[in-house]
Amino acid sequence: MKFERYGIGIAKGLMVTIKHLLRRPVTVQYPEQRLNVSRRIRGNELVWDRIKCTGCATCSKTCPQGVIQIITSVNLVENKYEVEKFEVDTGYCIFCGLCVEACPYDALYLGYAYERAKYRRGELVQANEMLLESADRRRSGYFHPEVAAELPRQTLLLERITEEE
Amino acid sequence: MTIPLSGWEVAKQIAKRFPDAVSEAYGYFVLVKSESLFEVAQYLKSSPEFDFDYLTNITAVDYYDYFEAIYQLTSLKHNHSLVLKTRCYGRDNPTLPSIVRLWRGADFQEREIHDLMGTTFKGHPNLKPIVLWQGFKGHPLRKDYL
Amino acid sequence: MILNFSRSSMQYLQTLPPDWPGGFWWHWLVFTVIIIIFLLALVMGFIWFERRALGRMQARLGPNRVGPLGLLQPVADALKVLIKEDIVPAKADKLVHWLAPVVAFVPVLMIFAVIPFQDGALLADLNIGILYVVAISSVATVGIFMAGWGSSNKYSLLGAMREVASVVSYEIPLVITIAGVVLIAGTLSLNQIVLAQDVPFILLQPLGFLLFFIGACAEINRSPFDLLEADSELTAGFHTEYSGMKFAMFYLVEYAEALAMSAIITTLFLGGWRGPLLPPWLWFLIKVVVVFFVMVWTRTTLPRVRIDQLMALAWKFLLPLALINLLITAIEVLTWPVALPWVMILVNIAIMAVLVVLWSKLFKLGWGRVEI
Amino acid sequence: MALRTESFVLNIGPQHPSTHGVFRMRATLDGEVIVDLEPVFGYLHRGIEKLAEERTYTGVIPLTDRLDYLASMSNNLAYVLAVEKLAGIKVPERAEYLRVIMAELQRIASHLIAVGAFLNDCGAFMTPILYMIREREKILDLFDMVSGQRLTYNYMRVGGVSQDVPDEFLPALDKFVKEMPGWIDEYDQLLAENEILLARSKGVGILSKELAINVSASGPVLRASGVKWDIRKADPYSIYGRFEFEIPTGMVGDCYDRYWVRVQEMRQSLRIIKQAMGQIPSGAVRSEVPHIIRPPVGEAYSHIEAPKGELGFYLVSDNSIAPYRCHIRAPSLLNLTALRDMIIGWKVADAIIIFGSIDICMGEIDR
């Protein structure tokens, strides 16, 4: 090491680290402190709207992983398709959101929740009623700005630091 | 802008030096015979008017009847580019000349093509599998590999 | 009869060290226990302190879950490590592999026998105290080399080789700088050295302090000289193959060495336990923590040097300056033994500045050059 | 009597803290000096090129996220540009600007990790990388806001971007652009002039200009060797022709130059973002493109200046819904070609920092 600057470089670096000792740390203590996730979060599951769904299977065709399975039957009385089974294997799902984009009837949403780990692989295969919206399975605003508008604002690290200083 | 050279113009230039080398030229592509690939590449690299000092990319496509190897050449000095193509026939042991001696950037790419497409590059110093393990059967990027 | 024997032997031993306060056995027992407890507690405290300080300097929190402020984190880690499986590599030299942590750990404990925590509060006031420290502290290297060799792992071997090379080189400037302190104090006993420091020797020996600090960091392999572990190069260096309690021993050695070196720097240069108002042992502790904090601070900031640069720093930078420092100190002690301390301080600081600037001009490392 | 010595083989990796993934360097050592080195990889081979042949053109976009997982936006961009070239699709103005903003933010994020990891390899214990991850986190927050995910964004679409940015995006970006130069200055203050870092990285691992061109190095590695070649300038794709920025180049091509070039590129990226923010028009972000695209028969090569170098996609279409062949020109792979030449003769510690200064991503090398 050429001390042509007599260790000024080292001293400068030491100043930066000591400055950080006096700053607030940026880490979040996760289970106690929670940040608001993005309004468009592509959370851990799909939320399905049974009433809107016509069983056209566009989502299934778009899915790059091929994890959406739809079985329909023809309802001759009302002259439409009846969705018998709408099954998503979330274990294989990569949450790319292409199915949500493709759905022509706004019947498919991504989930807003993120702590949705399961203990068994079998539980990851979700079908019909399990896919409907509920209190702990809220819809995310991904590709649905009207849903996004109702969700809380995302916490940004950018703002968090400056607000508290 | 990088100017893509017209394949036809370049083919004419090449044909002056190597009359039998070019088999086809269309759009921005020059299709040369695989036997004369090395000489043509050497000419393109060394001649001052082309001066293709930078080998951007090599890839190969399986067209069932033949394998097409595609060389993207760029000249950093003149800022123009050319696509050189060559074909090799047969599925058992298709062979192409290696251009590692001209551009060392071809080293890993030729190994990769050898690994995934199964074409042998004659003259490559170290033609070992690169992404698959040694002893892997088959060549995954071939169209008939399932 | 046994009782008789023990009593007679006790009487015999009691007569041996005439200057030791209290009975020999009491003194020995109390201080050994105190030192071991103090050492273990302080080492755990230091581990916590380093992790917290490091965390805060890196814009994060550090351990804060176990106990108040995460103070019990080292305890939890120790418990975890205790119940871990002890894995010995199949091709390891079993005996050497087993013995290495012990050989590394014991000398570090032994250093504390001569460190004065307060006036006279030390296990053995050896009249060659500092010599003893220098001699004992290099034994730990043997343990580390044993670990590197016995693991039969290439990374471990490289780490151990680096350790031996660096310790052998750094011992020399270290001892020469100590000689400067000894010249001024006129004694080798650590307690006497503290008593001699009416003015802390950091002021009388500023260059010596700088050299000793750099040398000490290298000797105990603290950053930027932590080559033997060098986690980005050698995964974990000499203790790559260690797990469970043996690993914990090495971990303990690392921090105990840091503690020992902080204590020695405090004793030699910062006036040891001396200080106004507060009780002496608290002063000692505060000074040790401050020295340790500087080590943590440099660890946070500085990149690691390369092995050849490390060696060159020892032989081309530290050694000549240490020799000059010793020479100047000797001349000062010889010619103006009763000079005003303040004059001496100014003179010495000026000499240090001139020498460091001069050497900075002359001395060049790296920039594409490989030293050896 | 001469001492008999022999060289020994050290496998650095695949499980090693500094190999940035599952990479292996089979080094032959003489003492600490490396006399021979062979890079071994393929541990992360997922056959993305083959998988792409079985998916629709849109379905390949999530795959490109997983190439260089530190720069997913750039990968998306390179791929959609290739498809657009192949199918002749026009992109709305606003989408072009959004793409540029995302690509440049991604460049900053990727360079932050590259520089931080390089300094970490030098032995600065975690501090620089943690500072830089903190800044990267702010960028990831922005990406999370627009795309809903922090790593695999899947944001670009053929013919635009998936959806417009939310209203709060541009103010947040403005804030970021304003405060980021201060942070970069702080990194410079932290280690750029540090004597130990200079001693370690100056003059180490020199890649000469001629060799860099010959081995098809690209990106910061090529520019650090003194070649002024940036595809954003040389072959402006998207709307890069409209922005003013400089191409920082190094002098000798050593590790320090590569570090320095990356830091300067971050500043230039901020400049581009600032200009793009000023010019961004309103309007549609996606042209009318069907979900299932059938480009005409043909082939197209499109390249962009990704953070790691020239990222190219070579697509061959046979007028079906899936690419007939999708080749990825991975910059990390080609930058590694010269690794052996750069490392031989240096010590183990240097090998680590030379390797770190190339900044590779295994997801891209093995594909």
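Here the chain labels run A, B, C and D in written order, and each chain numbers its own residues starting at 1.
In this text, contacts are C-beta pairs under 8 Å (C-beta built on N, C-alpha and C of every residue); 3 or more make two chains touch, one makes a residue touch a chain.
Because the structure is predicted, anything quoted here is derived from the model rather than measured.
Note on connectivity: the fewest chain-to-chain touch steps from chain A to chain B number 2. Any chain touching chain A that also touches chain D appears here: C. Of the two chain pairs considered here, A-C and B-D, the higher C-beta contact count falls to B-D. Ranked by separation of Cα centres from chain A, the top chain is C. A separation of 63 Å divides the Cα centre of chain B from that of chain C. With each centre defined as the average position of its C-alpha atoms, the distance from chain A to chain C rounds to 52 Å. One finds 25 Å separating the Cα centroids of chain B and chain D. Centre-to-centre separation of chain C and chain D, using mean CA positions: 44 Å. Residues of chain D in contact with two or more other chains: 127, 131, 134, 190-191, 194, 196-199. Of all residues in chain C, those that touch two or more other chains are 57-60, 300-302, 305, 309, 365-367. Residues of chain B found to touch two or more other chains are absent. Inter-chain contacts, as defined above, occur between A-C, A-D, B-D, C-D.
The touching residues of chain C, counted against chain D in their complex, run 54, 57-60, 154-155, 158, 223-224, 226-227, 230-235, 299-309, 365-370.
By the touch rule above, chain D contacts chain A in their complex via residues 55-56, 58-63, 65, 127, 131, 134, 137-138, 141-142, 144-149, 152, 154, 162-163, 166, 168, 172, 175-176, 179, 186, 189-199, 291-292.
Chain A makes touch with chain C in their complex at residues 1-4, 6-7, 10, 13-14, 16-18, 20-21, 23, 25-27, 29.
Residue ranges of chain D in contact with chain C, taken from their complex: 8, 10, 16-18, 32, 119-127, 130-131, 134, 190-191, 194, 196-200, 202-204, 206, 254, 346-350, 352. Across the complex, chain D is touched by residues 1-3, 5, 7-10, 12-13, 15-17, 20, 26, 37-42, 58, 61-64, 94-98, 101-102, 110, 140, 142-143, 145, 148, 153-154, 156-159, 162 of chain A.
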